[in-house]
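For reference, the structure I am asking about is given below.
Letters A, B, C, D, E and F mark the chains as written, and numbering starts fresh at 1 in each.
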């Protein structure tokens, strides 16, 4: 349940170096490094292909069809943040367009993650302002009801606490809790370190069956080959 | 409920200048200018990114899995029209491909809006013939049952009357009733007129909170800031 | 129902010439040529636009959240194959990423068709390894339970037997049973043969109503024109 | 597109005898009698099994999350009416509960058909006030924005004009336009008249194949029997 | 892919005793006994609660919106059969109502399992003729295109071969291949045999943790208790 | 993000009197009393109609297709609890059946709320053990991976903290945070107190328009009546 009508101005952001280090590893590797948790539901899709970012979460809770708090959260953005927007009920309206994106970008935001719709996606693409959303919709919103900023929110099924690290790319969006960020970065880097070698082996025709020594466990599990 | 088996040859189209003027404003601005109504459901998506058109609606009512009337509506197309296709039940079949698109384009159609599926999307993209649809599907259709042309239809949840203006882009599809088109164009232009100035302010770091004088109403609504 | 825990090493593949001939015809024409059957459900979408392939089906049955058998199927791939992956229950996890794609590509696979999710789609796009899937998801999988390889599977609602021909493009995925492949190729080529002429006529403004002689049957069906 | 902010007080209702006669025929027979059109989408489900009603449509257009107009439409209800509620965007909120049902019932309404959610379904069931809806939800609504009463609306994909006949039962909801109601009643009764005889034959083991003389057309269509 | 236009008159049905023995065990136990496979997708729901049946599968393949083959399959029903109906594309139309149910029941059918819609559900309930379906819909169908009877079909994602055993109850629908039916019955009975004892223990307050000796493996898996 | 592999044995439950007092008020009234927040998504449906309960939340986090932790949470149940089960990814498998229900009931649990599937619903209904779930499915689960018990979880889009009050009935499921329970009870009772009087007025034909004095604000909002 949410605390309504409050804006927390001081949040503890994950340190910049750790946050920034996670971007290039990508959401899939980071998700693995955390033990296969932290992923927002896969209906969250980028408005254009190719963006790959990480940033510290600044959260906003909105009401269905009402984007008033988007202007409130804009003021709380610091360079390197990613805004994470949750809605109190299911909604696909277009809460966010090119004007708000101009404001967010001017404040230093790197992206928006929103469990609802966006619009002006052609302009957002030209601006290089990436958004991960549930929908794209021309439908506008009103400014009538207050929500909250920088409270823990549930976005696309995942609990996001202000200051957590968000990693997003074409594969989806992962939330890394602040307390686990450093360890996750280390673990994700370790996973990636030997990927080059594995890729070279696989490219040369070596099978994963042999590289990962799977033949024996598969046989033990009962797998039969039939000619 | 629909009148079946009729083709209305004479429809009153919104005048060309008004219709054409709406394209560059885009579906989001036009939707706002009408008071946030007129939008087809957001599951209507373009088959390729970047197209932005307006045109006068020529409507066709089809049966599930049957595209016979597509050939009938082709004859009723005049340059500057957009064909709006509704189905009497939910269907994702591919009613429309490159041959029909060649015919529609030759008649002067600017686009197709269909509450079902299309196919040959690679060729349609190369032809620069935009389609907004519910699905993409190879599944073909038969030619066995008659529907109607140029009757009012419900397409993706919205009532579209022949001669109405359709505005479509990456954000979605809006229907502007003929009677409201001139007023909507004026109102949409007015909205857009001061967007440049707003954008410049926001880009310079001015907050929407101040630009729109929201701080006082937010406080009155009970918003609390916590340090 | 599925036979679990078996790998059939020897399957009868449709001959190469027939298989390869179907690619350029595309899924929509092939689907028509078969009498409008054989299409996987239209939720199967390519991870990037423009790929158009055909290949012989090598099948794999997986459990939800478990991609162990992906390594087993890799060994059974021969150049020109397309891997068709079915899951025993609905799942959107990312079963397949760039490492497996490297291995599949090294073995000669042309594509993957999977009734679940994939990840690393940015890298897969750069590798030119096309995938048709139900979802894109960072969510990884485990390797704990055995399924089967090269048994008949149901993928996206369609029965696929090892050795069948798969034809996939932006419009969707079609399965052509081995026994019908030669006849389908012939029939699809015949359909396409006179498409150029039809397209030229339609482009010149001739109506389908006249080209296909539809006016009389439409009148018989009761269609009325109203001025 | 909708006319907003208006209440039409005088609508032409289909005559009572015709309207009432349609109830016992049921939605499936009425739908057939109209030529298989007029059905609201099948996601419209009754909140309890067994209710079977017909009535004259009184329409109301609501905004997402706002049920203010429900109180406005209550005043326009006459005995024998069924309220048909459409929403300007997709919404599953609970717009209607036991208090409004008490008011509607006191005014003589026979049912509610709503393209959104309802609540207090246990009490509505005890009150014998049937509702066909898209969802059941505790989520309440506000009273802030005006819509319209007794304008033509699109409800669950179907255009409903005030005064049309609504027929609803466990199979779904059908809208019969006022102009077609008398003819539809006649035609539906004719369909039903010989159903008893057919049922008796089928119950005795006579096959539809013989009763409807289908064997020859099936053979002509190419059906083969294999022993 | 399906063979179209054929009716197989002679199918090998699973023996009656085995088939009938599976009903009382229920779909969940039977599904477990087969190794957690064989289940039709869980969107298949009974039209009324409480029915629990088993029977031998007689299959029918239908086209979208066309129920002609329902009359053809009726002739192939033998007492103790369950009709399993698949459609060549997604469809929610009401293919089956009280007249067909009368015919099926007269032929000895125990139930219908259909990957589409049914209607007249009130009457079907009164007739005690259970149906498991994807939808309920008044929407009628035509009789224009032939499909097939008693070919293997994919119904709700599962391959069903004529003569297989279908077990259906409030939990869903399971298909037991003929070859596995005897073994599955034995295994399902074994599972059920000691359920009574387990239930008594659990009812007395014994925990599954102790009854199944899970404490040690949970500890090994790393589970920590925190006071 | 979730803490995995932990069982919190000591949680602070909302006091019994407050918890129990909320049941009879129902989910709709309680949801209103909290300011229209706290509702789990409306896809959460009861397995049988008529149950109306409240209880203190004991939470469990499960993996897709794995119900091992259900046995762990059973030990933590105290009389008057409701088990709230969340899954780390979308899943419709049947995690819970009559044996676990026997155990839960023996421990004093009043209900289960699960963002996945259940089975044995016929037996659960006979046992009077209510469940609110996303699905009903025969599909069984394995016991291989550990999750957690009594951590805060996101269930059907709502954050539930152990010890919160759950109120569930035919309209849905509401979570009342422990800190707000007493106030919510008071406020919900106040709402209900004057409902009887309102109902009597409405039943006598008084309109909500007059009872709530809406005519003036509606006129101010621009509503026009047309004769």
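One rule holds in what follows: a contact is a pair of C-beta atoms (placed from the backbone, for glycine too) under 8 Å apart; a residue touches a chain by one contact, two chains touch by 3 or more.
Fair warning: this is a prediction, and the values are worked out from it, not measured in the lab.
S.K.: What chains do chain E and chain F have as common neighbours?
M.R.: Per touch definition, common to chain E and chain F: C, D.
S.K.: Report which interface contains more C-beta contacts, comparing A-B against B-D.
M.R.: A-B
S.K.: Measuring centre to centre with CA averages, how many angstrom lie between chain C and chain D?
M.R.: The mean C-alpha positions of chain C and chain D differ by 41 Å.
S.K.: Can you compute the centre-to-centre distance for chain B and chain C, using the mean CA position of each chain? Integer Å is fine.
M.R.: 31
S.K.: Residue numbers in chain A touching 2 or more other chains?
M.R.: Touching at least two other chains: 36, 39, 89-90, 92, 139.
S.K.: For this entry, which pairs of chains touch?
M.R.: All touching pairs, sorted by chain label, are A-B, A-C, A-D, A-F, B-C, B-D, B-E, C-E, C-F, D-E, D-F, E-F.
S.K.: Of all residues in chain B, which touch chain C in the complex?
M.R.: So the residues of chain B touching chain C come out as 5-10, 48, 68, 70-72, 74-75, 92, 94, 97-100, 102-103, 105-107, 117, 119-122, 125, 135-140, 143, 145-146.
S.K.: Which stretch or stretches of chain D touch chain A in the complex?
M.R.: Chain D reaches chain A through residues 64-65, 89-93, 139, 144.
S.K.: For chain C, which residues are in contact with chain B within the complex?
M.R.: By the definition above, chain C touches chain B via 26-28, 30-32, 36, 39, 42, 45, 49-50, 52, 169-172, 174, 195, 198-199, 202-205, 207-209, 212, 214, 218, 221-227.
S.K.: Where on chain D is chain B touching in the complex?
M.R.: On the chain D side, the touching residues are 1-2, 4, 34-39, 41, 88-90, 152, 154, 157-159, 164, 175-177, 180.
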